[in-house]
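Here subunit A shows up in two complexes: once beside subunit B, once beside subunit C.
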Partner chain A sequence: MGETKKVILRVKRQAGPKHAPRWEEFALNWRPAMNVIICLRDIAENPVTRDGKKTTPVTYESNCLEEVCGSCAMLINGKARMACSALVDSLPQPIRLEPLSKFPVVRDLAVDRSFMFESLKRVKAWIPIDGTYDLGEGPRMAPETQEQAYPLSRCISCGNCLEVCPQVNENNAFVGAAIISQVRLFNMHPTGAMHARERLEALMGPGGIADCANAQNCVKACPKEIPLTESIAEMNRQAWKQALLGWLFG
Partner chain B sequence: MREPKIIVVGGGLAGLMATIRVAEAGVPVELFSIVPVKRSHSVCAQGGINAAKNTKGEGDSTDKHFDDTIYGGDFLANQPLVKRMCEAAPGIIDLLDRMGVMFNRTTEGLLDYRRFGGTLYHRTAFAGATTGQQLLYALDEQVRRYEADGKVNKFEGWTFLSAVIDDGGICRGICAMDMRSTEVKTFPADAAIFCTGGIGAIFGLSTNSVVCTGSAQSALFQQGVDYANGEFIQVHPTAIPGEDKLRLMSESARGEGGRIWVPRKPGDTRPPNSILESERFYFLEEWYPKYGNLVPRDIATRAIHRVVFQEKLGIHGQAAVYLDLTHIPREVLDRKLEGILEIYEKFLGINPRKEPMKVFPGMHYAMGGVWVNNEDQATNVPGIYAAGECEYQYHGANRLGANSLVSCIFGGGIAGPAAVKYARGLAQGCESTPASAFERERKRQAAMNEALIRQEGGENPIAIWRAMGELMTEHVTVTRYNKNLQQVDAKLRELTDRFRRINLSDHTLWSNQTLNFARELGNMLVLARVITLGALARNESRGAHYKPDFPERDDANWLKTTRANYSNGEIKLTYEPVDTSLIPPRPRRYDVAR
Partner chain C sequence: MSAAATRPDRSYLLRKLHSLSGIVPVGAFLAEHFWSNSYALVGVAKYNEKSQELQTIPFRVIVEAAVIWLPILYHGGYGVYIWLKGKSNVSDYPWVGNWLYTLQRYTGLVAFAFIGWHVWTERFLTQGKSTYSDVEHALRNPYYLAFYVIGVLASSFHLGVGIWNFLCKWGLAATVQAQRAAGKLGATVGFVFSLVGILIVVSFRLNWHPFGHFVTLK
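This part shows the complex of A and B:
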């Protein structure tokens, strides 16, 4: 009987925000249809490194495990992606796991992405309804508009588009493609469009759309295949139009 | 007038709706959630949300929705509030539409509706096959708006540990842990609304998200909040088996025409597309000609178990059946079901537009939950409210597909204003509760954490969790025998003993996920026993609860709600009558017209 097939995993560990990172290697028993989450659970059940040293379970974020909650984004073999849909058999080994680099590390693979939620506040990413009272039906919408808007509304705030963007760095507060695309979504809605101007103003401020340098990495990194570069182009148009109107009539 | 303060625990659909309604009443809210609320489990709901809008000329009505829900739930739900929910559903759709939910549209620009299980009407509004995600985002956005206004204060990354209950038995706040710093803190409030969702983790593998452990419900139960109908567990007929999770394949796949089948010949090894129509056994269509593939979930799940385990017709002799969409035009699939097709494709590498999917039933939903009154989502402990999947009152013995989203929003929408009314009516608010009451609870919880961190036993929490999950899935889901249930209870006690000797393998105090998991596991073991004992006692078959030794529904003895309470470490079951004042119980049969 041969030795059981192994999965070799290298995990970048970091005990806390101020600790220095270090690497640990694990050898896990291979099974069919394994993903990175299953590997991390195996480690939690038996937290021992490849060379037999006791260690702690790896801290990471996860929730839905079907790529719709946006929790488990990390760098897997250097690529920003979701751990739940990263299937072991499709990854060259050793599989390297690192935290996203554009967000502060909390511990191990868990990072703090509250910047994204704060940005959603900044651009007023909502429909300002009058209240939850019974005010009748919403506005009618052409199926074509819905078909354009729905893909935008599937953004899971994973942060992968920020991770791959060269404009997102310590010297820059660029909100990133996800947020720009959300502005497009809300400006597209008949009620949302009534307040397009204030969203555009926020988007034209510091860290806004002008910081995009058109690297187009975002659209390739999006796990939901959201047409992010299209959104950026459209919002550029809207921003220019607003600036021009402001200049002419302001 | 003093300004009351309300806490909401859980930021899924119910919690966010409760938050919105409280903030709208001008009362400040503190919202606690383990994950950023946008990542809550509601995002996993796929197929849609029910409301009898009758837009297809079928003569649908809220009365018919009400009847389908009660009948589908095998008459175990108290009826008056269910009726109110069905009447409110069309207004809920309007509200969501106004919030900007990208529902699918008809050519006229109206909302489109599709069919779902347990009904003959097109009653389900949908946004592709990610309706839960779209609804959650809409409510998340409204809450963010209130947050930007300073009316909502979010505590994301905090986990609920216990309620602060004063000497008079009134809830005066909560005790929670910051999952990063592991700091344990109490938060005073005049009322707390719990919207803490499902309990899938008790079954090890389920369609639920990682946070759906039932830990909060169990902690409340151990503090004297009653738990009702725990034994009613929904097993969804169509999930993709997996080692980390059972990924749901929405009922909407069948609502849009998907068909379930197995090869007629046992052990047929041919690829599905080469098996002729006449060689396929469409067992749901043959056994239930009227509803076909859209029988309620308990019926479909039992039928699949029968085909696989008794008739030995599982695909390639395995525990799987085909869910076939290959006959549906690709354009329709992409427009209406893309979200779930994408899941199948990503996780299995097979295109379900071209090849039938292999699916099998998986634990999905708890019909039972925290006991609440039949008026305003209040529990038996003053100041504690519950809404959403964590409470018991809307779905009886079996929930119909696409009714959960409506019950979450309806329940949350009631709980919010009810808590405000209660808080405003209090003679003395939480500010007059002595600090010692808070400090006592904080110390008790901190001591539990310290003990877990320090102890050096030989048991691993994940190993115990897996053992519990296997037991529960094997004996306390689709088919139940009293002998096995008794053994499960004995083994759960053994696991509880082992739990006392666990070693966290992580003894640090920063972002220690094992510590939190251990807390949850201790609570899951208690709730697992509530479910098992409820099932053991109920000697009949009703909805999702099926005992071959008692195959019939027994209204004479069991048309009653199980109500579990906890005192001195013992689980006690009592029963109370079901309010069937609006629709008299009748036999539930889906194989013939009603």
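This part shows the complex of A and C:
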């Protein structure tokens, strides 16, 4: 019997937010159509390192396994991407897994992305439809607007666009492309537009849209192919117009 | 919403001012500067006549300070601050836009250093009366020649990328197609400025005046 093909995985592990990181190497049995999540599950089934030492299962986040939930973003061979769509056969080995570097590590590959959630709250990334009485139906949305809005609505808040952005780092509070694109989405909606000005003002605050330096990494890294650079340009125009016209005409 | 809340954050305004100042007046002055210095390609007398005209404008020092020195100081100074707040990752993500992001910072610094030296030697040491022979003399030094070539290329590149950045960051080129066109425009501007700048340097260095034959008055 021939030797089973192996998949070599190097995982950057960290027991907790305050612990020092360390590397562990794993040798897994290759199977057809393996992705990185399957590798992590295999480790969980048999948490033994390549040199035979018993260890703990690797902590990671994942849910949908089809690139729509946004939870399994991590650095795979140094690049930010979704683990579920990272096929082992297309990756050079050893496959290096690290947590996203722009968010605080919770444990191993799991990071705390609440910065994004807080930013979404800051820009009011929702459409208020509740009132103390029945507000009735909202205005209709033109099919053309729907077509523009749909790609933007695919954002899964995975954080890859923040991870690859040189302007998102510990010296800077930049909210990142995903949030700016969400403002575009909600300002495009006929009911959402009723709060367009508040969202633009939030975008003109500290860490807002002006911190974008047009490296355009975001649009390359987005697993959902959202036109992020278009969104940023569009919101930039709306923002300075409001800043200028608001100053002139109130 | 109260009216007070419509006021954008100061950092927003400073950042926008930085972006705008790169085009107007700094970029516009670079264009004027290259244009005026192109008179070297016509001839020594024409160049000196043109310099004299610019050196004797009314309100000279006020115009120089308001249109050239302060905007360049602000654009350069705030640019360094922006650089310090960013963290280049081009080694991890070697995409074109990311390269331009990184090079924009280095060329900006080189151009800023060159401009500082250039203003000091050609504006202040000559007491604002620089002539063809002053520049020609400086360019005889091979190190100065090299610094001029580097300064011209860094400034031209920085302006070219800056035009692309400006059009994207003000949403004047919003769609992917428009941004691609803006990129081509920036590349063209960068190339033309590099070429003209080098031709001017060559003109001084070799006393080469290819457009001189149109001059009839001796």
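Rule of thumb we're sticking to: the second predicted complex is superposed on the first by the 240 of 250 C-alpha atoms of A that agree within 3 Å, B and C clash if a C-alpha of one lies under 4 Å from a C-alpha of the other, contacts with A are read in each partner's own complex, and residues count from 1 in each chain.
Please note the rule applied: contacts are C-beta pairs under 8 Å (C-beta built on N, C-alpha and C of every residue); 3 or more make two chains touch, one makes a residue touch a chain.
Source: prediction; values computed, not measured.
Trainee: Figure out whether A:Leu248 sits in contact with subunit B (first) or subunit C (second), or with both, or with neither.
Mentor: neither
Trainee: Where does A:Glu230 make contact in the superposed view: on subunit B (first), on subunit C (second), on both, or on neither?
Mentor: second
Trainee: Applying the document's definition of touch, where does A:Ala20 land relative to subunit B and subunit C: first, second, both, or neither?
Mentor: neither
Trainee: Could you say whether A:Gly131 touches subunit B, subunit C, both of them, or neither, answering first, second, both or neither?
Mentor: A:Gly131 sits against subunit B, while subunit C stays out of touch.
Trainee: If you count the residues of subunit A that each partner touches, which comes out higher, subunit B or subunit C?
Mentor: B
Trainee: Applying the touch criterion given at the start, work out whether A:Val68 contacts subunit B, subunit C, both or neither, answering first, second, both or neither.
Mentor: first
Trainee: Spell out the part of subunit B that touches subunit A in their complex, as residue ranges.
Mentor: These residues of subunit B touch subunit A: 20-21, 24, 35-36, 38-41, 43-44, 91, 94-95, 97-100, 102-110, 127-128, 130, 133-134, 137-138, 141-142, 144-145, 147-148, 156, 180, 209-211, 242-245, 247-248, 335, 339, 343, 346-349, 413, 460, 462-463, 466, 505-506, 508, 510-514.
Trainee: In the complex of these two chains, what residues of subunit C are touching subunit A?
Mentor: Against subunit A, subunit C makes touches at 1, 3, 5-9, 11-13, 15-16, 82, 84-89, 92-93, 95, 97-98, 100-102, 164-165, 168-176, 179.
Trainee: With touch defined as at the start, can you tell me which subunit A residues reach subunit C in the complex?
Mentor: Interface residues on the subunit A side: 78-79, 164, 166-167, 169, 171-172, 197-198, 201, 204-206, 208-217, 220-221, 227, 229-230, 232-240, 242-243, 246-247, 250.
Trainee: Sort out for me which residues of subunit A touch subunit B in the complex.
Mentor: 15-16, 31, 33-35, 37-38, 41, 44-47, 54, 56-57, 59-71, 84-85, 87, 106-108, 110, 113-114, 117, 120-121, 124-129, 131-132, 134-138, 140-143, 146-147, 149-150, 153-154, 156-157, 186, 189, 191-192
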